[in-house]
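The structures come next, written out as structure tokens.
Each of the next two complexes has chain A plus one other chain: chain B in the first, chain C in the second.
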Partner chain A sequence: MANVDLEQRDLQAAATSHRGDRVFNRAITAAAFVSLIVLAGIAIFLGAQAVPVFQQLGFGFVTSTAWDLNSDPISVGIFGMLYGSVLLAIVGLVIAVPASLLLSIFIVFIAPKKLASILTNSVDLMAAIPSVILGLWAFYILNPQAAEWQSLLHDYLGWIPFFQNESGNFLGTPFIAGFILAIMIIPITTSVTREVLGRTPPELINAAESLGCSLWTMLRYVALPYGRGGIVGGIMLGLGRALGETIAVFFVLKLVYDTNWYHVIESGGGSVATLIVSRFGEASGPFEVQLLLAAGFFLFLMTLGVNMLANLIVSRTGRLKK
Partner chain B sequence: MSTAEFEQSVVALEQEFSVPAQQGPVELEARDLSVWFNSRKVLEGVNLAFPKNTVTALIGPSGCGKSTFIRTLNRLHELLPGAALAGEVLYEGEDIYGPTKDPVHIRLSIGMVFQKPNPFPSMTIRGNVLSGLKLSGMKRSNHDEIVEQTLISAGLWNEVKDRLGHAAGELSGGQQQRLVIARALAVQPHVLLMDEPCSALDPASTLKIEETIRELSKDITIVIVTHNMQQAVRVADYTAFFLAAENEPGRVIEQGRTTEIFGNPQDQRTLDYVNGRFG
Partner chain C sequence: MTTTFDPASLPSLEQQTKTRPWRQRTTKFDVSVAIAVAVPMMIVIGMFLFSDIPGALVLVIYLPLQMFASGCAAVATKGKRGILDSVIIVNAVGASIFTFVIIFSVLWSLVSKGLKALSIPFLTQNSTYISPSTPLEYGGMAHAALGTLIVVAISALIAVPIGIATAIYITEVRGKAVPYVRFFVQSMSGVPSVVAGLFILTTLILTGAINTSAFAGGLAYAVLMLPTVARTAEEVLRLVPDDLRTGALALGSTRARTVLQVVLPAAKTGIVTAIILGIARVIGETAPLLMTSGKNDATVANPFSDPISTLPVSIFENVAQPYPDAVTRAWGAALILMVLVAILFTVARLLGRNKIK
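This part shows the complex of A and B:
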């Protein structure tokens, strides 16, 4: 048809011609960008601090484990700390994920309404405890208790490599630090998984019931697969919290400049955040501060990497083959 | 032939023709069934029998308890909060609410298809067909055969045989509804309850489902709730008319052969309803 000469009218301009909308749109857009700018700013600042450190120490900074500024040349490496952060987070998740899942399953599918709302509120309240309070509580109350549990673990399950302990000292272990992390992860993960499971469409539950499901098979084949993305997301939020948590871990973990690979009930471990908080106050000079900021940069990178990996896993497993 | 003999043979013939056409044994039967949600009585004194391998349509205006009624027939009703019931439901002569009855077995023998197509979105087409086996813990080795047979029975095989591994969500609404019929058939039920299975579908899909229902009724007993009068006439051997007066529980007003209910109803309310004068 002869539509060559037709002039298209600008619908985009027309759609945003309402003045209030335009102002509101810009305000929202600006606010959205602020978070991106802050994130980028932090990354650039930390990265800039890391550059001279990397120039001086090379890859040794992330592949070795030491913190000795008096030797010549200085011997500094944060591998044990990076690895330690991950180990603590894993211990935390191993305890927190099953607990959160069971708790949300109970709240959503089993508990009577009143009990469910009491539980929901009290779990949410757990998130309001300041981590310094948790740390103090862990140091004075939980630590001696947990030493007992760990010694039992060692006595009965010591043949499993994870539960070996040669020193006989059960204080300041990755286990206890991971346990405290679990207490901090549980409210976050539970509130997400509870929400996700609660949104399982009733017609799917109906279908499962009409096919003779039990609670377990309904969860396994219907509710959990339906909520998989959200559940993994909740776990990731918990993981982020665990990797970056500082003060509570600082109270209970005995920081050693060595790599504790998997002896979770052996005294001593590493954590980047705890390294920073424990060294920062008594840093010997601007260079040590720079070292700590560089360590922070790698913690930042690692957290980013873990989150991206998790997103990849979610999108991979969530897809049905075509 | 004497007069007496002639009269006898007339009586015999009359008896023969007055009995309704051959009707199989009763597969499922509700006896004096009343149903509550908390203190609200929603059904009262329902007596209905479903002969083996027939289709029975339950008709009546919204809110008269038809859906609630079929949910009592395979013990789904009890899963709703505040649900209560009096009376009996006999399946193959035994009360399904008896103390020794396992609700899982009941639900496997008496399957259900819902109003809105509800395939499991996280599963493939094949996975959906087999999901009942997983959910109920049934062990079967001939999975391929089950998938093919049930999809053929549900009239879907030709449309999906080349993409059994695809997500069930790719199918159209009508195909999804036939998929969930296949899913219900895979656990080999003897009775299939259908709660307005076509109300969310277009006319062409509706006709396909109706064909499927006619085909299936050769082997299983079907109870279908429908708001579509023509559908009841097309698919059902028997029809029961439910009605609830204002603030009263629902009751069965009239039941019988579909041709009778629509052609020669005995109750004025049935006549009004099937002629579209209310509801």
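This part shows the complex of A and C:
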């Protein structure tokens, strides 16, 4: 890549020689750091709101589960919500990861070209549906269907702890919310996985197949190991999306201020983002708004951590390939 | 007589890799596959029509039945090692059908329920004097559609120049901080929409700097739009051949002129695609607008003074109302929103296609 080095040196020499260029460079560089400023601004301003909350409530704010501002002293904690966000994301991933892996395997290795491009476009279309529309659809169309599936799960697999339901109410469950999250995760994970699997060198695939590998052995020993990093990163990006999703979950999940540990088909669950939206409209005063801002701070930290990790993994596998 | 080896008589290497003799299918294979698909299908249709097993359960039975049948076909044609292949193929087809069903269901319900709400007043009136129980003939979503357009326009005015400048920094200026800038842009694309709303709320609205208004909503949208524009524009600028840059510089053009008069015009359609994808990313976001632009039944044109209704917020307000007409309004607003998104994506696709040619 000596060519590029030479050109870069030339560009830099040209850049410093002209006054207009110096102004241009500075303006562009300043704009490039807006993303950093916004990220830092979110951390600082929401963090500043979290400080007084912590001074008053201590670590109980993140380790206890309650939302009662009328008691004295007030008892407020978002552990159930933080845990609920993770539980919903796990349910979403359990549905979405196999589906998107199979989808991308189908698109890359099995489907005829025409069907593959139709499927690719459909998955992109799925990503384009706004979450508020998915929520509307889930509330009126998916809910009755999902209630039926869940009652079947309860009838036939009720002996598994996850599928217990004592209330007989199958609406507003983490399962339905997780299902909606899965519909949002599938396009993200599929597009990354498809790209990564599509980059498997055809020589390797042809060599494996001509040596007598079946589709499964080829996937197991060639394609999947080759794209492993990208697949993991794609799943993490989906996870980040699932943790931050608000409105669609708000429509289908019955928010309860208890920790629903693992009863995925029992009505009631938690989610930080949904807590913020549902309490914001009826907040009793500036202090409750401050509590919600503090909750938002933890949501931000959680999603930022997951996303940074995901991007590191994806970019690292990209680098290895070059 | 000597035979000479003539390389030209061989099929080219490319053709050789395309033939892949180990993939040729026999009639036996085709027949087994046809039987393996037809038999479970007939059993399931029979169960559906002639037994009282619930429909959902029949679907649950179908998948393992199909896997079993395909497994048998695999053993018949390829031996034991074909079993896992058949399982993968059946499930992959199943996942594709699942995707199609979901998309079809969403679009069909949007069209069938949304069309009931569409009428001339629905598209031209606002919701002043309209309560959830008012019949459908009165009131409409024009104010919300206008609000969405205003908020999106403001966010585009803010996010597009910054996003493109970020992309120029990465591909043209190539400063020392490029890896860090890319990392921050990628991290920013993961900021949850509700957090973007809280950010604008706590920094600008609660401090009294600006009102709950279209401008505040536009700022929150800009936070979400910036990374999408920056990442797409970066990919587009990378496609501009380096010859153009070096050519312009060799002719004595300055850096700024090279970028503004050569590189950006060369990537014009791609830049438009980046803008459109950025708009499409934010146009349906609801949570940030609940906190920053609020709602208003009247038509508002001033982006700085008053709260303003938008399509996503109008959907949010009308869902789960006990009045069927309010719910129909929500479907109608959702249909308008989806049509806007579809137009944006179609235009982006068409532009993208031209770029490749």
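One rule holds in what follows: the second predicted complex is superposed on the first by the 270 of 322 C-alpha atoms of A that agree within 3 Å, B and C clash if a C-alpha of one lies under 4 Å from a C-alpha of the other, contacts with A are read in each partner's own complex, and residues count from 1 in each chain.
The rule is short, and it goes like this: contacts are C-beta pairs under 8 Å (C-beta built on N, C-alpha and C of every residue); 3 or more make two chains touch, one makes a residue touch a chain.
Keep in mind it's a predicted model, so treat the numbers as computed, not measured.
Residue by residue along chain A, chain B and chain C are tallied for touches, and C comes out ahead. Once chain A of one complex is fitted onto chain A of the other, the partner contacts of A:Asn206 extend to both chain B and chain C. Once the two complexes are laid over each other on the shared chain, residue contacts for A:Val277 go to chain C alone; chain B is not touched.
Once chain A of one complex is fitted onto chain A of the other, the partner contacts of A:Ile129 are limited to chain C, with no touch recorded for chain B. Residue contacts after overlaying the shared chain place A:Ser214 against chain B and chain C alike. In the superposed model, A:Arg228 makes contact with chain B only, not with chain C.
Chain A residues 206, 209-210, 212, 214, 217 lie at the interface with chain B in one structure and with chain C in the other.
Residues 17, 20, 22-23, 54, 56-57, 60, 78, 81-82, 84-85, 88-89, 91-96, 98-100, 102-103, 105-106, 109-110, 113, 161-162, 165-166, 168-170, 172-175, 177, 180-181, 183-196, 198-199, 201-203, 206, 223, 226-227, 230, 242, 245-246, 249, 254-256, 259, 280, 283-287, 290-291, 312, 315-316, 319-320, 327, 330-331, 334, 337-338, 341-342, 345 of chain C are the ones that touch chain A when the two sit in their complex. Those residues of chain A whose C-beta lies close enough to touch chain C in the complex are 7-8, 10-11, 14-15, 18, 20-21, 23-25, 27-29, 31-36, 38-39, 41-42, 45-46, 49, 98-100, 102-103, 105-106, 110-111, 119, 122-126, 128-137, 139-141, 145, 148-149, 152, 183, 186, 202, 206, 209-210, 212, 214-217, 219, 237, 240-241, 243-247, 251, 273, 276-277, 280-281, 289, 292-293, 296, 299-300, 303-304, 306-308, 310-311, 315.
Residues of chain B that touch chain A in their complex: 74, 76, 79, 104-105, 107-108, 111-112, 114, 116, 118-124, 131-132, 134-137, 165-167, 180, 183-184, 187. Of all residues in chain A, only 201, 203-204, 206-214, 217-218, 221-222, 225-226, 228, 320-322 touch chain B in the complex they form.
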